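Just below sit the structures, each encoded as structure tokens.
Each of the next two complexes has chain A plus one more chain, namely chain B in the first and chain C in the second.
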Partner chain A sequence: MPPRPNIRVLRDIKARQGVVDNEIARRAYLYVARNQTLPAQVRYRAQLQLNTFGRYTRPTTVKNRCTVTGRGRGVIGEFGLCRYQFRVKALAGELPGIQKASW
Partner chain B sequence: MKPADTLAKQTAGTNLNTLVGPKSQDTSPSNFDSSSDAPAAQQTAAVTQSPEPISKAQTADLRGITDTSGTPSRQQQQQPAESSTSPTPKREVTTVKPLRGVRINPEERQWHATVVHGRGVLEPYRHPRTHGVPVAFIQFRAHSPGPIQLAAHFASHAAASLGIPISGVVSLPTRRTLWTVPRGPFAHKKSQENFERRVHARAIKAFDADAEVVDRWVRYLEAHALPGVGMRVVRWHRLPVGIGRSHLQSVVGRMRLGRPTDKQKVKELGHRIVEVETQAAKQSDASA
Partner chain C sequence: MASVAPSRLATLARLRSVIFQTSYNPTSQRTGAKYLKRRLRGPSMMDYYPQQLSFSAINKEFKGLDLIDEDEEQRLQDIVDKKKRGKGAPKKAKSAADSRRAQRKR
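So, the complex of A and B:
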């Protein structure tokens, strides 16, 4: 969470929480909808149920954001930092093992 | 760490006196002998005397040993063979009172006599493998090569002291991760900066030793781990011969197998099934 939270960061947090809460139900419906051996009507109804889930339950809504600035683009997943913050911290020596490359 | 304890356990049965040599000759580097001196004075003499170069007589005694557990005989051979008559200036022995309640272990003292002082600086002695059965595999990983080399060196020396045969220190390939990021917070993609993270790795493989000895070695290394060096240990444990059969027997004993099927019972069951099914069929016909 950045020092002054972004609305986008807050939405992302809400999405993550929603995904965690609804994962089991979503997976169950998804299994039924994708299963070739089940009758077509059952699969269709399962798919309709899936469509009723809101956007804060879908895992595709989740986006890695910079933990310091909240930037959505240019985020390096291993550190959870956007590219500029990664550079700032790396030069300060706060990232273990990272050094300026030269070869 | 008390290498002498484990060493004593491993070399149980061997005559430790042979490691030192006959008492008549001045063999031990620390001048430790069962002379008329009191144990306290002996200990102080050993502590305060400077390490003298090992004479030829001493190396000859130690070379005659076939049992190599804990004896760095190879290191002895590496030392320059000097004549026993070379004049070595001896420092004045100053008596220092030992700590109260210190008990001197004669086995430990004998082992100390075989130790080459300053062997930490030399290449570690590698005990010969008795069977070549791998027992443990230790991997060190660090961001820089200096500490990792020291860690591997330290582990090798510890294994030599415990009598564990090891492979040499293997340098695994260095893994390098590169990130190229723009220098500025916004735009200016043409000016970027490279950052990297290098992970150096070393590996040591241990053979043949008892599980308890390897446990001690691993705990010692964990207790004296270097900062910035990570260690991963893979252990192989020996199981007794016939373990598969005994496992199978214990499992089969728990399962309800092996009772022969009763043909009569199967026939009776078959007849019953036929009766029930025909009755059900008649009822369904009657209702339909």
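So, the complex of A and C:
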């Protein structure tokens, strides 16, 4: 079995789930709150509703972490791996088309 | 070429938007349309981490299979053994007064 995801990865998964669950409602409120053609009172109330959403419902709280180690920094987006895991896997030949530079 | 009056140009723009069924927004007000038009990001976000296999998930999916997670069994057994030797985790305090912190000597 692969290593168990650490707490930071679990929290990130929770944030992702929260985004999925609340995305449509948040979009609807955003539409009303940012629409300048609507009355100010309505927009204000929509903004108040937006503020009641939890922390883990905003897409900005989601961070792409290393899928192997859960490391948050130095993650190479194309592979979803941190720089060290990228090196390990590349040297092991597990990443098609990646080879060590040599000239 | 004679210059065209701005009002005429505005009329032209309005007519054009009616004919081509585009939105007419001469003052460039924000309509919030971009929040509705943008694709939903949630579904692709959920695909980022590879699916984790777990014994509980497999047992739930296939009823009656009842695979045994040996590591988990061992962990639970260790807890029982430790408790027998009086080395278990302390009881949770019901109030702040019975907490171990409060009993500590200063």
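One rule holds for everything that comes next: the second predicted complex is superposed on the first by the 100 of 103 C-alpha atoms of A that agree within 3 Å, B and C clash if a C-alpha of one lies under 4 Å from a C-alpha of the other, contacts with A are read in each partner's own complex, and residues count from 1 in each chain.
We adopt the following convention: contacts are C-beta pairs under 8 Å (C-beta built on N, C-alpha and C of every residue); 3 or more make two chains touch, one makes a residue touch a chain.
What you see is a predicted model; the values in this text were computed from it and never measured.
Following the overlay on chain A, a side-by-side fit with no clash is recorded for the pair chain B and chain C.
Judged by the touch definition given at the top, the superposed model places A:Val9 against chain C, while chain B stays out of reach. Within the superposed three-chain model, A:Ile76 lies in touch with chain B and out of touch with chain C [touch as defined at top]. In the superposition on chain A, contact is made by A:Glu23 with chain C only, not with chain B.
In the overlay built on the shared chain, the residue A:Gln36 is in contact with chain C alone; chain B does not reach it.
With both complexes superposed, C is the one of chain B and chain C in contact with more chain A residues.
Once chain A of one complex is fitted onto chain A of the other, the partner contacts of A:Asn64 are limited to chain C, with no touch recorded for chain B. Smallest inter-chain Cα distance, chain B versus chain C, after superposition on the shared chain: 17 Å.
Shared interface residues of chain A (contacting chain B in one complex, chain C in the other): none. Within the complex formed with chain A, the residues of chain B that make contact are 143, 178-179, 181-185, 193-199.
By the touch criterion given at the top, residues 74, 76, 83-84, 86-87, 90, 96-102 of chain A touch chain B in their complex. Those residues of chain C lying in contact with chain A across their complex are 29-33, 35-36, 38, 40-43, 45-46, 48-50, 52-53.
The part of chain A that touches chain C in the complex is made up of residues 1-2, 4-5, 9, 12-13, 16-17, 19-21, 23-24, 27, 30-37, 59, 62, 64, 67, 80.
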